[in-house]
Amino acid sequence: MDPWRTAIVQADHESIRLHGHDVLELMPHRTFTDTIFLLHRGRLPSRDERALLDAILTGLADHGPGAPSCAAARLVASGNRQSLSAAVAAGVLAIGDEHGGAGSLCMEMIARGVSRARAESISVLEAARQTVSAYRADGRRLPGLGHRVHHTVDPRTAVLFGMARAAGLAAEGVEFMEAVDMAMKEAGKIIPINIDGALAAILVDLGFPPAFGKLVFIIGRVAGISAEVAEEYDREKPMRIRIPVEYDGLPPVVRPGE
Amino acid sequence: MDPWRTAIVQADHESIRLHGHDVLELMPHRTFTDTIFLLHRGRLPSRDERALLDAILTGLADHGPGAPSCAAARLVASGNRQSLSAAVAAGVLAIGDEHGGAGSLCMEMIARGVSRARAESISVLEAARQTVSAYRADGRRLPGLGHRVHHTVDPRTAVLFGMARAAGLAAEGVEFMEAVDMAMKEAGKIIPINIDGALAAILVDLGFPPAFGKLVFIIGRVAGISAEVAEEYDREKPMRIRIPVEYDGLPPVVRPGE
Amino acid sequence: MDPWRTAIVQADHESIRLHGHDVLELMPHRTFTDTIFLLHRGRLPSRDERALLDAILTGLADHGPGAPSCAAARLVASGNRQSLSAAVAAGVLAIGDEHGGAGSLCMEMIARGVSRARAESISVLEAARQTVSAYRADGRRLPGLGHRVHHTVDPRTAVLFGMARAAGLAAEGVEFMEAVDMAMKEAGKIIPINIDGALAAILVDLGFPPAFGKLVFIIGRVAGISAEVAEEYDREKPMRIRIPVEYDGLPPVVRPGE
Amino acid sequence: MDPWRTAIVQADHESIRLHGHDVLELMPHRTFTDTIFLLHRGRLPSRDERALLDAILTGLADHGPGAPSCAAARLVASGNRQSLSAAVAAGVLAIGDEHGGAGSLCMEMIARGVSRARAESISVLEAARQTVSAYRADGRRLPGLGHRVHHTVDPRTAVLFGMARAAGLAAEGVEFMEAVDMAMKEAGKIIPINIDGALAAILVDLGFPPAFGKLVFIIGRVAGISAEVAEEYDREKPMRIRIPVEYDGLPPVVRPGE
């Protein structure tokens, strides 16, 4: 079999290097968030870039056992106490376009909008208006807006945008999402930018590709999933969860035909 | 259905709190590693505790595509390009007692050894000698010693023990593992303490329960798995992997019996 | 890399053979249950053996969305609509010693009991009495007895034992479990043999190893999990599930220490 | 929490019913394949329908350890010996549009083609020609044609089409795929209908929705994955797999910037 190629890790008997950086140098001098940035971007972050990624990861880390990811992890811990990995993995599996995936979808929307603004020499606000109109005409929800718990405002958004602006790292991504917010208000809709929309704007400005919008959710949420799985093991008995169920199908077959 | 209980997250329309700490305060002022510590221990770490956890997570983050976790993730990415989560989850599933689980097993061994030293009023070195003898008598490998790539020394161990000692955080855990190392040498075996043994010693000294030895591997390695999955999507075609296979079973059945 | 060895499948450009049997012969002349038996035993079953395995697989196929496996699968379908596989896999992950694993544990118990009866030249009933006493002395539940829904009798047990006996395939496995049932009654406990206990007895008598007790549950239940995932996709919106949660942890930290 | 609704299973203390059929009646009188059909279609199959589904499931059951699904399962078994479920689940995760998903994509293609033939009052052959032209103009591969091992003919196709025709169950689905085959030949391309294309045609004719094209692959392949996982546990040591890796990234960073 041909060897698998990678540009990420170089490991031999003496050293491990991540994109050329010796892990032994990283361990005492850098943070885990530096390493996450390095693994995904191929270079170490500046102090401000790291602080933004820290804020994003902390903002995503846990939202309680009711989220599908943590709930799935706890159900697996309920039936299978042989493998912590199995429970954490089930939590990861619940992360998709519908749960934790809005950041990635929003990064794609931003990238398209910003490209169009440039290509057509229109303002970012005008491009955002077109984006909002197009989604609304199709009856589609805009990714990065609205939250099932935080109805009127997602307080994490202001924190992230404030940090990005103070560090001088807010660029077209943040500008586009704020223009989307304005275009929504012009259209009479008050649906706040949620954390997914905020992190999407910032990750675009930090130069990450859209897939990272989903991967950063996975990396951040695994911290919370693993803590919730540990709590389930510690505090709860196996098989304690009983979901109430109601049958609404066919009536009993009196004589199953043979 | 009775509500599920949790002591980790309190989320409502206005705020999200992790063990009482407002996420909005954590995001701009704390690091992701602080959040990981908080989620698993219920309190924020000191600066030195955080630095140790950073070093551990970075030391675990990636060891290349040949490790079962990253290899499984890439195989899933090869057959299923619809879900980044599916690929990352498969990588997590490969983490068990045999891969990434030595830290947890070693924490249990240390805890038993340290307890016995206290209960029997013997020195930690004497307790370590007994542990080494017992494992060797049973023909079992000691967890936290040896590595399939780093044969003679795992260079990450010295970094971690150095940091713990410099910060005054090395206690019975580190003492016990160094005693195990000495007892092995007395027995004529040169098998180095690997990163799992080193992090186990430190996590015991930081007060973490054994399960965290496996969870910290999952949290750290997910950073690398996700980067490797992103690379697989970017650089490789689906279904590019062909594992060579050799059949050594029954010969063809000439007339399958009906 | 050395080729991976297997004794199960021989596939080349012209044919696929399972333990020597040409798939093209199996497809029109045999059933899927024959193939399952063949894959796991290395030979095709007799008609009666196949009928017993069919009955076991049908008995395990689905128990409704409240079981942890189906519930986890539905939660993953709720958050991740990009991958049917992800949802089915999450359901599989919930299968462990606590959910679906009793068959495997019971097969090990039967094997030990039957061995002891032979080794010590005691009756199977006497061996079963010893097994019951030992479990009760340790405060452990006996695998294969009791069910959280079917309290007094698991009606699937009589069907399986009846079929095995009618076919002349009931042997020491069935004998041992019926002796366990008798020993429990002698001890004043009325806890019925459940389907896991029944299938364990029969699979021992058919010559399967204990691991198959868990694998047969996975194979059977995947039929139900996949049907429930399809129903979730068809009938329900993403993110429809809201698990009620109650926080019982630390009070809010008024000023998070910096 | 509102109860979850289902039309599949009705389970109470006394009975379990699948779409109205008592499991106690199904167990001794029906096969597992009947149960799979019942769970997914809501009714029991005829004898010929069952035989076709048996042939499909057997045709999919295993293709050796080199397929991504079985390879991923074995890698997980290599690192995590605590959970058979984890290994099987990893195998399921590798099933996606690229591996095992062609049946589902092909069912969608057939459904669109057959609808167009009706809507536009053109022959099925003409509709198939349009489909082939459209895919080729877009540079897309047609689902259900070609195989990486069986280059010139997938022998499983003739078996399935022969059975369907003999039973009088071949209808528009089979007709459309044979028309696609003819249209490909007219275009000078000899790419055989593979098992995914064959089962897609038949499942359309049996009235299954496209999602079942992927679910049937999962159900069938789980039989093989589980047998391969059992073999890995029995015959191989943990961590035996070493994928060869070649680094082609950045050179070592001599002094990591602090």
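Think of it as A, B, C and D in the order they're written, each chain with its own count starting at 1.
One rule holds in what follows: a residue touches a chain if its C-beta (ideal position, glycine included) is under 8 Å from a C-beta of that chain, and two chains touch if they have at least 3 such contacts.
Owing to the predicted nature of the structure, the values given are computational and were not obtained by experimental measurement.
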Once the contact rule is applied, which chains count as partners of both chain B and chain D? A, C
If you average the Cα atoms of chain C and of chain D to get two centres, how far apart are those centres in Å? 24
Gap in Å, rounded to a whole number, between the CA centres of chain C and chain A: 36
How many angstrom lie between the CA centroids of chain A and chain D, rounded to a whole number? 30
Residue numbers in chain C touching 2 or more other chains? 1, 4-10, 26, 30, 64-66, 71, 80, 82-83, 85-86, 89-90, 93-96, 241-245, 247
In graph terms, nodes being chains and edges touches, is this line, ring, star, complete or other? complete
Please output the residues of chain A touching chain C within their complex, sorted ascending. 1, 64-69, 71-72, 75-76, 78-83, 86-87, 89-90, 93-101, 148, 238-239, 241-245, 247
Chain C residues touching chain D - in the complex, by the definition given at the top: 1, 4-16, 18, 23-24, 26-28, 30-36, 39-40, 51, 53-55, 57-59, 61-66, 71, 74, 83-86, 88-90, 92-96, 149-152, 155-156, 159-160, 162-163, 209, 211-212, 214-215, 218-220, 222-224, 226-231, 233, 235, 241-244
Give the list of chain C residues in touch with chain B in this complex. 1-10, 17, 19-22, 25-26, 29-30, 42, 44, 80, 82-83, 85-86, 89, 93, 243-253, 256-258
